[in-house]
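Here subunit A shows up in two complexes: once beside subunit B, once beside subunit C.
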Partner chain A sequence: MQAIAQELRNFVVNNFLFGQNEKLRNDDSFFDNGIIDSTGILELVGFLHERFGVHVEDQELIPENLDSIDRLVAYLQAKLRENGQASASVH
Partner chain B sequence: MTLSGIASAKVNTDLLKIDVAAEAGRIESSIRDIVVNRLKRKGAVVGVSGGIDSSVVASLCTRALGKDRVIALFTPEADSSGDSLRLGRALAAQLGIRSFLEDISPILAGIRCYERRDEAIRSVVPEYGPGYKMKIVLPGLLDATKYAIFSLVVQSPTGETRKVRLTADAYLGILAATNCKQRARKVVEYFYADRFQYAVAGTPNRLEYDQGFFVKGGDGLADFKPIAHLYKSQVYQLAAHVGVPEEIQKRPPTTDTYSLEQSQEEFYFSLPLAKMDLCLYGKTEGIPADQIAEAADLTVEQVERMYQQIEAKRNATSYLHSSAILVEPVAVGAD
Partner chain C sequence: MCGISGFINREGIRADAALAEAMATTLVHRGPDGIGVHIEGNVALAHARLSIIDLAGGGQPMQIDGGRLSITFNGEIFNYLELREELIKNGRRFATRSDTEVILHLYDEHGPDCVHYLNGQWAFAIWDRQRQHLFLSRDRMGVRPLYYTFTDRGFVFASEVKAMFADPEVAREIDVEALDQIFTFWCPLPSRSFFKGVRQLPPGHSAILKDGTLELRRYWKLEYEPDDHDASPKVTERATEELLNLLLDATRIRLRADVPVGAYLSGGIDSTLTTALIARIAGHRLRTFSIAFEDAEYDESSYQLEASAFLGTQHSQIRCSYDDIARVFPDVLWHAEQPVLRTAPAPLCLLSKLVRDSGFKVVVTGEGSDEIFGGYDIYKEAKIRQFWGKDLESRLRPLLLKRLYPYMKNIQSQSPEYLKRFFHVGPAELASPFFSHLPRWTVTSRLKSFFTDELAFSLKGYDATSELEAELPAGFAQWNSFIQAQYLETAYLLPGYILSSQGDRVAMANSVEGRYPFLDYRVVQFAAKLPIAMKMKVLNEKYLLKKVAEGLIPPSIIQRHKQPYRAPDGKSFFSAAADGMVEQMLSPEVTSTMGLFKPAAVSRLVQKFRSGSAIGAKDNMALVGILSTAISVDKFINRFTGRQQPCKQSHKSYAISS
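Here is the complex of A and B:
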């Protein structure tokens, strides 16, 4: 789980924050903090697919799943379990 | 006109009503001052699309400067609706102003606008090709639980329509390619501006200006923007006052950018424009969401979400308003 959190964090920090790691807490809302806009959500969805093989369904495109590192980790864990993948295998 | 003074008044659908004669007079006086005294140009070029905004701007410029000092420019391209040119011509004829037709399709083909766009489309719809039509749409933002994610709607030559969610690469590829259209139009507008020593009039209304619904260096580029302070419903009021042809007044707003008809609501605002007007007014004037909800026939939660979206759009598009930023100020003469 920590490995997933770190990988998601690295992606968000490198892709949206120009590598400025100190700006982001794991419970910060991407939307409220102006970190990710609607195009950024598409990038995030693409990353989840390419890196973890997870397809985000239309109905799953909600802030409860994607709006912070913590929420992303929980969502991704659930999706990986659903897909029969152990989180330990993804790093 | 200032709206802040009535912010505490009862919020209803009459809120955005203006004294059209006074407002038209104020804008016309301002156009004369800007073009003649500040820009020192001899007239104005207006890109006329057959839509309500450019029609009002062309009309106000004509009233302000005289019909011999305004040029209407029509810049259709391969995906333009035929109505745009027909209505633009009707307006120019009514105003009695000079007009020029410049088909920008060859410019766009030259910079591979269509080719690049179609490549991006094929990354998500591999069969897309000749005879297909397309547009980009957003879901209604009033669906409070979802993100505003762009989708591509394609129509096959046999009329079958399909909607697919875009990838970031596909969306940005399509956007970058189609933005060439607005930039090509501006190249042509400035040709005529240089040729006749005229200023270029921009045509954004307040919704577009505030929310960054323009292409930097494209329709966002102009020497003056005479209706950028007016909400869309106020532009319609002025259109009636200055006598814009009725067919233009009744025409649904469209971006006229994609081969399938696309309303501005589908692309950017995701809300009927009259309601969006009220939400933007409420947000700008600091009016509590419950008062706007009543006036706009929306729920308080929907208005609060719109307030959030308005703020998010302002943040996301703020760079579009920024001119080139210098390391330190450089004096370049009198303003």
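Here is the complex of A and C:
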């Protein structure tokens, strides 16, 4: 799980913060901190699909699932479980 | 159309004619037909002329009464014939047929109040020998530019900052607060410029410089008094007729020129309507011009050709590619004199070149209509957001936002929860006087995360929005939100960006003068009094204007979904023609020396573009904004030579006859 968190964090830091990660905490809201915009959500969804094979359903496109590193990790874990994949297999 | 410049030295320092000429010479793109200098003791007025009215007699700077009054003037006074007639009735005698001389006599009669009589687009300076003062004025909407500053030697003014920089006494430094404003509103506030100490005379203002002190006075302001009591069919019909007559007259006086007048034809309602009105008035076959884009996403050719065929114009297009935008971009910044967050001015610079190469100096365009008649998506967006805000749990209301932006994939795929956040639909936002502009300003402001710690530190305590708020008219917070949105677009973005970086600068880059019937102050005042329902009827934008256009332009153009004018942004700079521009201007070394943006973050942004994953508006604005800042700093601060830099433009053009 830590590996997933790190990987998601790397993606967010590189892609949306352009390497500036000093202040980002894992429970910081992407929206409230101006990290992500409407296109950013699509980039994030694309990344989840490409990297983890996870398809985000329309009704799952909500801040509860995607708006912080912690929320992303929890959502991803649940999706991977749903898909029958063990989180440990994803690195 | 022309370029003006000049200076008033402190008492006892004689004006240097060579300096005045050097200043005017930097403006020859604005006026290639001749340079004029007038020296009077410590006063210098200079002028670069593009002759349009009274080709033989309209030379400048011009004097009357043995030099008691002298003027350097850029622009057009469209009602000069009527004013001239009145002045002659009052016993005035004219030596020329020019509008310039009309201003001088009018000033002689009315003093600073003379501007109330003018219908036009102007920036001028009159040296009044008797009163020993300089009278400066700029038109109501801010069509023509006028900058000024103070130096140890005195006061300096010009149409463009580069002319002032030809004076070695004028310091060349960027204004970090103006940079902050550009990275919030897309342009500096009306009295500011990108350069420290260089200010603009705001639209609708005059000023008097006497004994080294400048006193500004506002002679006109935008006043909205929407009469919302009656928008019945009968009243609408009457308003339609009145508006048509007003637009006909605004267009008629804008055809006054001793050279042929052409027209831009973008394929939208506004320019198609102005073209239709010209055709009706002029009665001869009109030349029209437009931009076609190689990338179909931006291209509106089919509508342009349809309009041209319908109106029987002789039409020419430039075909604009990613390469073309990259190639012309540095020249555009030399002319715009401020960073931009969009590349949209670039194709317009290519278009003015086509106009000039076709033998035209004057074009009529549809600019200003969206601001005053309620055409912009931002108005509709605010209305939908407000409607949704009244029932925050509604599942259907947010869908209207998706209908508004059918071409934006990022909006189409969002859930209502996200739309609510991105479009700032919450109780606090709904109460803000900037409700309409919060989504735009918030996204733009996030680009400031690229600012270095040093820059952020020097901006500590500065807030661009507070500066804007402090200059808003009394009672703004209580205005109807539609009117608030209109005011913010018309008083700020219009003069600061649309009429400047996308208007005067890129047209004058190729010695072409734009004329805007929708910005005739009578039309602006008429629109400001209309019931809001005549501008936006439910979600039908420019309702009244569409009524006017019925029967005059093709129905398909009235009915089409409004497409905002856009050009390809970041991607342009990774084309072959960009020729290493990004590597050169945004290298870690250059960025580091410039000291404004974090080099590592800029490098990652560039990498994101290279990998093809930078697709959003924010990334695109960041790249264009940072790159244009770097190019502007390079051209105006690091390597300023004062030399005219010719537009290196190459494009494919062809003529289409209908």
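As a convention for this text, the second predicted complex is superposed on the first by the 91 of 91 C-alpha atoms of A that agree within 3 Å, B and C clash if a C-alpha of one lies under 4 Å from a C-alpha of the other, contacts with A are read in each partner's own complex, and residues count from 1 in each chain.
Heads up, the rule we're going with is that contacts are C-beta pairs under 8 Å (C-beta built on N, C-alpha and C of every residue); 3 or more make two chains touch, one makes a residue touch a chain.
Note that this is a predicted model, so its numbers are computed, not measured.
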Fit or clash between subunit C and subunit B when superposed on subunit A: clash
Partner chain(s) touched by A:38 [first = subunit B, second = subunit C, both, neither]: both
First (subunit B), second (subunit C), both or neither touched by A:14: second
Partner chain(s) touched by A:27 [first = subunit B, second = subunit C, both, neither]: neither
Per-residue contact with subunit A, leading partner among subunit C and subunit B: C
Footprint overlap on subunit A, comparing subunit B with subunit C: 31, 34, 37-43, 45, 58, 61-63
Partner subunit C, residues of subunit A touching it in the complex: 14-15, 17-20, 31, 34, 37-43, 45, 58-59, 61-64
Subunit A-touching residues of subunit B, taken from the complex the two chains share: 145-150, 165-169, 171-172, 308, 312, 315-316
Complex interface listing, subunit C residues touching subunit A: 409-411, 413-415, 417-418, 421-422, 442-443, 445-446, 449-450, 598, 600-602, 604-605, 608, 613, 615-619
Subunit A residues touching subunit B - in the complex, by the definition given at the top: 31, 34, 37-43, 45-46, 58, 61-63, 66
